[in-house]
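When the chains are written out, they are named A, B, C and D in that same order, and each has its own residue count from 1.
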Amino acid sequence: MKKENTPDQTDTNNVVEDALDENADLTFTRRTFLKGSVAVSAGIAAPAYLAGISKSFAAASGPVKIGHIEDLSGNLAVYGVQKDHAAQLAVKEINKGKTLKGGPAGSGGVGSLSNYAVNPPVMGNGDKDLKFVNDGGDLSGSGMAFVEDEDVLIDSGESGILGREVELLHPDGQSSNNIWQQLTRKLIQEDKVDCLVAGFTSAEREAIRPIVDQFKQLYIYTNQYEGGVADSNTFCTGAICEQQVIPVVDYMIQRFGPRVYTIAADYNFGQLTAAWTRAFAPVVGGEIIGEEFVPLSVSDFTTSIAKIQAAKPDWVFTLLVGSNQSNYYPQAAATGLEYPMASTVNMAQGYEHRRFKAPSLDRMYNCVNYIEEIPTNRNRAFVKRWYEMFPDDPYIGQMAQNTYFSIHMYAKAVRIAGTTDQEEVKRAFESGLHLEAPEGTVFMEPSTHHCSHYIRLATADADHNVSFVREWPSIQPWWLQRLGVNLVRHKEYKQYIPDEDPFFKG
Amino acid sequence: MELDPLALSLIYQFGTNAAFLFLAALGLIVILGMMNIINLAHGELMMMGAYVATIAHNQAGLPFPLAVVVSFFSVALFGTVLELLIVRRFYGRELGALVVTWGLSLVLGQGTFLVFGPFMPAIKIPGGSYSYGSFSFSEYWLVLIGISIALVIGLYWLYRYTKYGLQARATMQNAEMAKALGVPTSRVYTLTFSLGAGLAGLSGALLAPTSTIAPFMGQQFVAPAFITVVVGGAANVISGAVGSSVLLSAIKTPIGMAFGAFLGTVALLVAALIIIRIMPNGISATIQKLMDRRRAASIS
Amino acid sequence: MNGKFALEARNVSKHFGGVIAASEVNLQVSPGELRCIIGPNGAGKSTLFALLCGIQRAESGDIFIHEHNVTQMQPFKRIRLGVGLTFQTTRAFQDLSVRRNLAIPNPNLAVYKEGHQRGAKRLQIALEGFGLDPSDDTRAGELPHHKLQWLAISMVLAGYPDTVLIDEPTAGMSRDETDRTTEVLKQLNAHGLTIVVVEHDMHFVKSVAEKVTVLHQGRIFMEGNVAEVTANEDVKKIYLGHAH
Amino acid sequence: MSSKILSLIGGDADVGTSRIFWVGFVIVVILFALYPTQASEFRASNVAYYLLNIPLGLGMALLWGYCGVLSFGHVAYFGIAGYAYGIIAGNMAGNSFGPIAGVLGGLLASALVAGIFAYFVFYARVREWIIPILTLVLTLLLETFLGQTAGYQWRVGSVLLGGYNGMTGIPSFQIGSFVFMGYSFYYFCMVIVLVCYVSLRMLVNSNFGQVVFAIQQDPLRTETFGYDIRARQWLVFVLSAILASVSGLLYVQWGNYITPSQVGLLSAALPVIWASVGGRTSLLAVVIATIVLNWVTFTLSAQGNQYAMVIIGSALVITMLFFPRGIVIMAAEWIGRFTNRPTKSTGG
């Protein structure tokens, strides 16, 4: 069978037709797996240079192993179980011969696929006149990458990846960093996973990243986070500060006024996101009139609420994390605090708008790359698939969607690489992959290993109905680029923090 | 007289902080003070109270005050079972009790997670708010402050004037002697434990509308509750709980207002360490000593 | 070590809440004396011991051990001045063997150090008198009550003190055992050990002591030799609970 | 002299005094020494993790089991030593004495904090049950402080404290140019654990250890034998804090990483659990329990078993109910009935 390896020989149409038969038995699957190697490019003319990447298959056999660590017990299990289910769903789909639309778009990003050249949001050129946020991009025009394809889950033409079944190894991190480290070593050294998808908190990511780097393991971190990881082995598929903070701050200042009060969780994520706010609010005409950092253990917000009242802001930026801190919302509502609120974490993660009684989150604005309520057909189809598999789940959060598309993206990268060899797959990831995720189009930006996202500004009304006030179809992860990070050329293994950017000193 | 809004807000914050600490510590201090059992599953008992109240209110449709009462009795019943099956084997083995209740807390927390999932829909906070100047105050918190005071009076009455109270105090002072005098000490212990558990459930239910209803929500109460209890001491349950929650709130409120939540929290912890250095047996023991001294002075 | 008194309390007072445990107590014990302290329950006998050893701090008054003012001194320092103490409830270390128990007060039990011959001799008297084996590996908790009591007394002697305070040594013992205890204490006293005993048992008191102190309601009610005290009508009343 | 040492090691203050026991002990040590030859580097490193927790457990046994003082916050010293090592060795990166200086600095920092804290606790004569809560408060205070140290203002020399994300890139231990990693780190841990165990066994069999045990049984009685019990409690507390720091130092060398959650509520409970399940009055029992419980936790979580916490919690409750002195101790006594002749005096 190995002689069939060259992708050119594949009859893609056949593959698609064959794979449509969902009842295809195993022998059939084996027969067609080789053909499926480039099914990914069905419908997309792969640029010629990719041929160099698509090498012949490694003689690997047995299942493709995806290691997935999340917290299934303990304090963080709330989010971990969601992500674990997302991974199960994605793996099931891949094994059933499904894939998300998309493919290599080249280093230019999604815009290069469209008939119109779309300007990605402009980033700073050194001076402080930075205007990133426009009214939401140009959604008109046919053939654009931004057109919301309705049916994005298509047949991959093979069962599994490269015809090999995908096996999900998903141990329980128990919300303990030590267990995370042990499990990472186990998955890498003993189970020899082809890809590691893991990490809720930044602490968990930082706990395992040294191990990942020691073994040059391909690692996908799917959480929304504070940004700055520049690591040749790590691909970050969650949204980061420049994609969430700046649009929402800009909108809120225009809409409600310049006086901002930030209340943030007193740890890395909260502090760094607050630093972003501090740096960029003045650029769009805002002013931080108060800032408070709250330890994660705090659950009684009486004093913090009084401090906000004393400061009289136009709106409050709430960067509160974890279940203790979400107590802020009902407490603030009960005290009669009626300022508009903005956030980058709440609602889309812990579905506070479903749990808390209205109107606790009235006039809450949140910039998200995913939220279950996104009113597109592709998302409705995704939500439907999810609840068919997990009917008892309470909510599909932002990170769960990230995990879901990341695993599909991995499958795509392997098909491009034609092998599960990790260095090759990393290069495939760096080929400028785009994918039609439930949120919209995502693009893996090669030089920084971060994704551009379809960002929406969601808001809850007095009855906690979610609506979307603005959309930015593609916001690039530009901050690391601004710092000169180019992982394609220079290997790096660190996390930058805003202190390293002179802009944040001002 | 026109009251400065900031001053009024500080008084309100002081009251809510004290009520929070008092409610968080109440069940713990009853069990600890009367029975010398350090109950590390205290947070989980509060969590159970919150769950019972949520289910009774949201799903069974009971009015909230009734749901709180239901929580009190359900958790008290659970406490009785716990006492009969497990806790009673640990009297006089304080550290053993500490470890066994820690084990219980793990089982209860993760068990709730497996049965009820990550979150419960919250209870709407009853009541509205008042505003004064630029500040506003939650009616519900004002009610909680009132309930805290009523609980103090109720407990005082319970221990002072009821048969149970008399027996409990006798047992606490000298269990052997009380037994010899015909006090059914074992029943007193069971009752005390279920009272403590019930009060934890009651506090959990009362605080439920102000917090996230989740399996591990109990953890947020553990540290404040223990600090309050340690500072209060076990010489007298009521004066300990009241004295310590008032004192700690008086330290935490102004510092939190002036320097933010982080230093407010740090101030609380540091104050606890210093108070323990000055009053090794807690505020209640100091109050007791002062009263004794006065009595001694009046005798001689 | 040749002070006028081995042990002295001057005007010592102590209250617990409203209860007077010691009031203006004056007590002098000369070296080599065997003194009995008697009194009804709650008379303050055990408190007096606790005050002498520093387990309780006196509210007023002073305490001297061999003319050292120890009023502000912590218990262990007072013990190091040559005092030993047993408690009313038998207190040996139940989980340790007899050998280990005897080693706690004096780790180098086997070594008869210079200057410690007297102490070692006394310990030997006690061990032989009580029939205890210093290399016995039996757990103390397994000993019968009277042996445990004897072990507790021997442990005190193992610290080589010159003054011992013994709280109710014969409580719960049979007549034979009491006699044996009496005998050993007398022998020890004959070897120069100053002994202060709290005891209820008048038979015991009569057979060991020359001088008796009667405590009542925290005060020294009477002091005198055995005959005087036993003859006193007021003392009898105290014991019967009439006098105030 | 050497017979004196042997009698100290073999004394009856810990389970296992028979010849059969010591033969078994030597066999187990040899098996542990041979393990890396049969196992992958990953497995060796995993077992090294179980081993490196043992000093922390031993410190708990010494403090709680032998001295009767329960600390619920010994992980604070674990954390202080780890952070101090990270700061010192990180700043001296490239210098081969860095790690040694880091170890010394870590031990010193822990001992200092433990000394001051224990002075507060023991000389204030606080009640016994308050000590665990005070220690817990201390460790929570440390966690809260470390959690908010993200950002450059918390840079010590060239090392960032790193806030809740933790301190990364902590250098491995090295002597001269030899770096302890993988298999060599396994042996490094094993030797340290063995040294800790044997020297502690000597300590508890010594007069000092016996007096400490007496303090646990009856503090007042011990004081009336002329011992300054507070000084001894203080010393034992500091000693057990140093043992906790040994674990902390090994931990940061194992993972090259430490976070504030190492000193959090969940971590704080672990040594208490090991000590109570194994049996806190025996050093060996705690050693066994530490290894077994770590292994069970890891195995359960590797299977993605959501019941891990329920199982561990129930195990704790069952142990306390039915094996109140610890499973290992009670099993050892049961076995001892068959192997131990009525104990002859081992000397002293």
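Annotations for the structure displayed:
Heads up, the rule we're going with is that a contact is a pair of C-beta atoms (placed from the backbone, for glycine too) under 8 Å apart; a residue touches a chain by one contact, two chains touch by 3 or more.
Computed from a prediction, not measured in an experiment: that's the story for all the values here.
Among the remaining chains, those touching subunit B as well as subunit C are D. Of all the chains shown, the one with its CA centroid nearest the global CA centroid is D. Comparing the centres of all chains, each the average of its CA atoms, the largest separation from subunit B belongs to C.
We define each chain's centre as the mean of its Cα atoms; on that basis subunit A and subunit B are separated by 42 Å. Separating the centre of subunit B from that of subunit D, both taken as means of CA atoms, is a distance of 34 Å. In this assembly, the C-alpha centroid of subunit A lies 41 Å from the C-alpha centroid of subunit D. Rounded to a whole number, the gap between the C-alpha centres of subunit A and subunit C is 79 angstrom. Multi-chain contact residues, meaning those touching two or more other chains, occur in subunit A at positions 73-74, 77, 266, 293, 295, 297. Contacts with at least two other chains are made by residues 110, 219, 223, 262, 265 of subunit B. Within subunit C, contacts with two or more other chains are made by no residue at all. Against subunit D, in their complex, subunit B makes its touches with residues 32, 36, 38, 86, 89-90, 93-96, 98-100, 102-107, 109-111, 114, 219, 222-223, 226-227, 229-230, 262, 265-266, 269-270, 272-273, 276-277, 280-281. Of all residues in subunit D, those touching subunit B in their complex are 64, 70, 120, 124-130, 132-134, 136-138, 140-141, 144-145, 148, 265, 269, 272-273, 276, 306-310, 312-317, 320-321, 324. Listing the residues of subunit C that touch subunit D in their complex gives 53, 55, 74-77, 79-80, 84-85, 87, 91, 93-97, 99-100, 103-105, 107, 135, 137, 155-156, 159.
Interface residues of subunit D, counted against subunit C in their complex, comprise 12, 207, 210-211, 213-214, 217-218, 220-229, 343, 345, 348. Taken together, the subunit B residues at the contact with subunit A in this complex read 6, 9-10, 12-13, 16-17, 20, 110, 113, 117-125, 127-131, 134-141, 209-214, 216-217, 219-220, 223, 252-253, 256-257, 260-262, 264-265.
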